[in-house]
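Chains here go by letter, A, B, C and D, matching the order in which they are written, and residues are numbered from 1 within each.
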């Protein structure tokens, strides 16, 4: 099989992980590397002598050997780089968040459409075996109807300068919700605050209304002394808890629920009782999500497989993130997600 | 020492626990019992042959042997019963929530003042050794300034008819916050929803602004398949996690925090880094909170000790609970707590 | 239904728990109490005014109202008291360990047989819902054949004067093993040591060979800083872990195992691989084991139900305990269990 | 600083990890690779184009550029390869277990002495920050005197053909014990059994007597459905639990203990009571142990630093492992460790 030849732009924190998986996969080849910081570039170029090192992204984009480009630079530069890559005829895999603004995301989708090129957004959690198992459980219908989603993603984190905690952490949760529900929320509210002196929001609760009775909440926090990763999906029949930190049992399906029936004491009330049954923790393979994503990228480009985290999903998430900014500006007021 | 003679009105779920502790304590005597349901009354009267059984609360209130009355009936009846008890010259210990409305709470405070009688509200968590240790840790100043409080109190619970999940569960968290911060919040917002068919709110996030930069959140939920009790206090120097379900280490003090300093790379930005040190789990005695509360009640009545959970705290909590109702009516709008 | 009238002899640590359950059950009546320590006797007699208080056990044994006697005194007195009770025509429920010596246990069995009376031994764990579920899982055959049992029962405990840690803690594990395997082990070895200055063995590993390839180990320890209760049953197809401290998921069934097959690389070796499947945590009712045991006692006496923890099981456990003493004397040598 | 030039022989499971760390460290250079399996060799040679690939170990040993050799082949070949390497003037880092027999280990020590070369044994746990913290805690004396060590290292593991579960897993625990106690045990007993059809012992309890009242036990097991890593050190004043699977709090120091004093009730007995204080979980850096070991190897070679896991420790562990074989042959009899 032909390998997909990929160049990586941006070798800060995440880019090297992508480069490693591209080089190691049997589906892709790492053919080019680029970073404006020469130290970073040299360090990685030493590890991958077969990849051409570029100081200027434009040179990488003009390299005809490069079929696809990974954009792993700060979010402010995503649109410009990704657009130039598409116009140069490259497929793109863009770090999350996809873009800094909705109009940029829309422009990239149109450009990709026009150029006949593929967009994948690095919503890497969607490629983790545990999340795939979670999605499969929901899609199988065994939970009944989804009633609520509650996610807690908190830890002591490096407070950042360019993005707040929502843009930094919530895309993980929002991408899983998007995969589970298949549409954007109708509206949202954000309660956030800033404690470090740089004024960046460092803890927030985002409350989303997906319509049809489905509510979701995400708590993201850089100041928590403990690390917690709880993603709970409550259904009418069963519920699931996905705990990313529980390596032995990351997904648990609870045969528990609320039952509503007529009150035997007569009266006008309904009797609401709870039911508590077994807990099943399905076997989840251990597999590196990044590797799976890189190989899926090759499949999307070469076999026309529908993307798991395509540009449309990236756009929906940027719309949500923009709306969180607006709700924060409005002191927590409810904001439509257009 | 003289025993405080107590009568218990309301023998549903909680009353028998109070009765048991009153009977077993060396500071109090259980002298009277009352419930309108004869089955319940007979069952308990059989266990405590020395206590007089009354079908009508009024009879108990007129019993001159009774010095103090426990009001453990549904909240709708608290004001009427408690007021009659005070007017009959009894001290009162009232189940939480104190009253159904703020004006009722205020009326009881005035009545007690006028009658020279004591009010204690059953905010039982304030008498648990772990919570006392938590409060002591915050008061010692070792956390620095409190920045945020985040509490999660979720489990599969019996959905109720007369109160929503906030009135049912949040008083526990709100009483601890009241003890920690010492004042009512300035405003709050509630995001809640109802999933069982009876229309009662069964999951909610309550966001409180206590002023001076202190924010608090409470997540209460009757539909969670898992039981979680996390109460986190984030400070500028240290943070604490109180986990009521961790029997061996319920309180953990984390020497972790965020540090802000000038960015060595120059630029206009501040460098914000995190610091991670030891975790200390202080020894916490195991002691029944209800027993400690009952004995504190005797101390307040007989020795004029200031109440840990007096009527003023009860009033502050009812004001908050009323404000949550208003925020729910206003679809989550911010509401002042007057 | 007629209540079984029971007298309790020995009101130290455990007797009052038995008294409480006997009084509260709808199947039994607490009619008599006895302790040589007047303070203890008076304390409990105050709580149960309907039970006659005796200072001398002989008086209780002569009380014609008493149909059955609970022997909850130190083990050194079990045989004498229990024998007198049987000879007085009473059924007996004896605290574990059943007796201090095998010949005493055998004598009680013969006496009970001759007198037509019932013996139950207080192997209370066999009445816990989690252990019942564990036994049922093994009996269903879903584990395949049992290969090994490994139990860890360690905590910081009050070092005792009259019994070592094996006689104190191991009967719990040995009774569960007896219920699972249905026979005494063939031989055992003990590695134990004593660290507190009174010379009593305070930590020990007991290794039992039940024949037919079934090995079991019990680690008991009074000096462990952490409390651990792990009881693991490994089978050819599945394995179970019973963790008495995990209140939400005390029993977990692991669909994991080792598979043996021919080595595809040729050679003379077998390929041994492991298989890892789902984990199921079955719903376990929460129910007080002591209550269930007391009611089972009534069933055994009145309905001729076969005892779950009869005198024969008590005898088998005393034989094992005696053999552990011998192995300790022989510095850990293997000892037959006769 | 001059880099230490290292060649790695044996590229199965562990060798590539060592190669990666040697290549990435700033103290060492990966200059040669060798495996008899050409597929493995080619795979790794592709990743490290600067290292010379050898099919025959002898060729690598004759490479003058190679200053030190890592021996990561099956244990049966350790002695032959390591001896030839020493005779060729190379320093050696040998995978655990050091050798298959005591005489081989002794021969290597003598050869190294004669050739003036360094031996390091890959007891990698001694380089983990958590174990270093554990050792430091014991050495500081804050535990008082060590009374016992109890280690549980169990999981579902690939049953092997050439070594039993003791030789495979116990060296980790034995190396930590060696570092803590500083001498070999006087005697040991092993209770082991084999359940897979290849007759290799797959579960075992090893009980060691280190003299001076210090007892240690190791439970190793390839058949456990759950993975447990508990290493407990009980002291007269405090105790420590090192849990390798607890990523947030791997080391916990318990201020708990047993206190012995005169019995206030008179009598001849001592009163033994327990004391329960705080738990402290010290901050442990996250750092790759293999990297630290490789750099320590360079320090030992170049700066004459005393080895943390030198050949003498390797020899002590092989003596213990040989003694476990003998105890197994003798059905669990106590065996001297000579």
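Here, a residue touches a chain if its C-beta (ideal position, glycine included) is under 8 Å from a C-beta of that chain, and two chains touch if they have at least 3 such contacts.
Since this is a predicted model, take the numbers as computed values, not measurements.
**Q** Counting one step per pair of touching chains, how far is chain C from chain A at the shortest?
**A** 1
**Q** Hey, which pair has more contacts between C-betas, B-C or B-D?
**A** B-D
**Q** Could you please state the distance in Å, as a whole number, between where the Cα atoms of chain B are centred and where those of chain C are centred?
**A** Averaging C-alpha atoms per chain gives centres 41 Å apart.
**Q** Can you check how far apart chain B and chain D are, centre to centre, with Cα atoms defining each centre and the answer in Å?
**A** That gives a centre separation of 53 Å.
**Q** Give me the residue numbers in chain B that touch at least two other chains, ranges are fine.
**A** Chain B, residues with two or more chain partners: 226, 276.
**Q** Looking at the complex, which residues from chain D come into contact with chain B?
**A** Residues 249, 255, 276-283 of chain D touch chain B in their complex.
**Q** Once bound in the complex, which stretches of chain C touch chain B?
**A** Chain C reaches chain B through residues 49, 226-227, 248.
**Q** Mind listing the chain A positions that touch chain B in their complex?
**A** 147-148, 150, 152, 156-161, 189, 191, 193, 195-198, 202-203, 205, 207, 213, 215, 217, 219, 221-226, 228, 230, 232, 234, 238-241, 252, 254, 256, 258, 260, 269-270, 272-274, 276, 331-334
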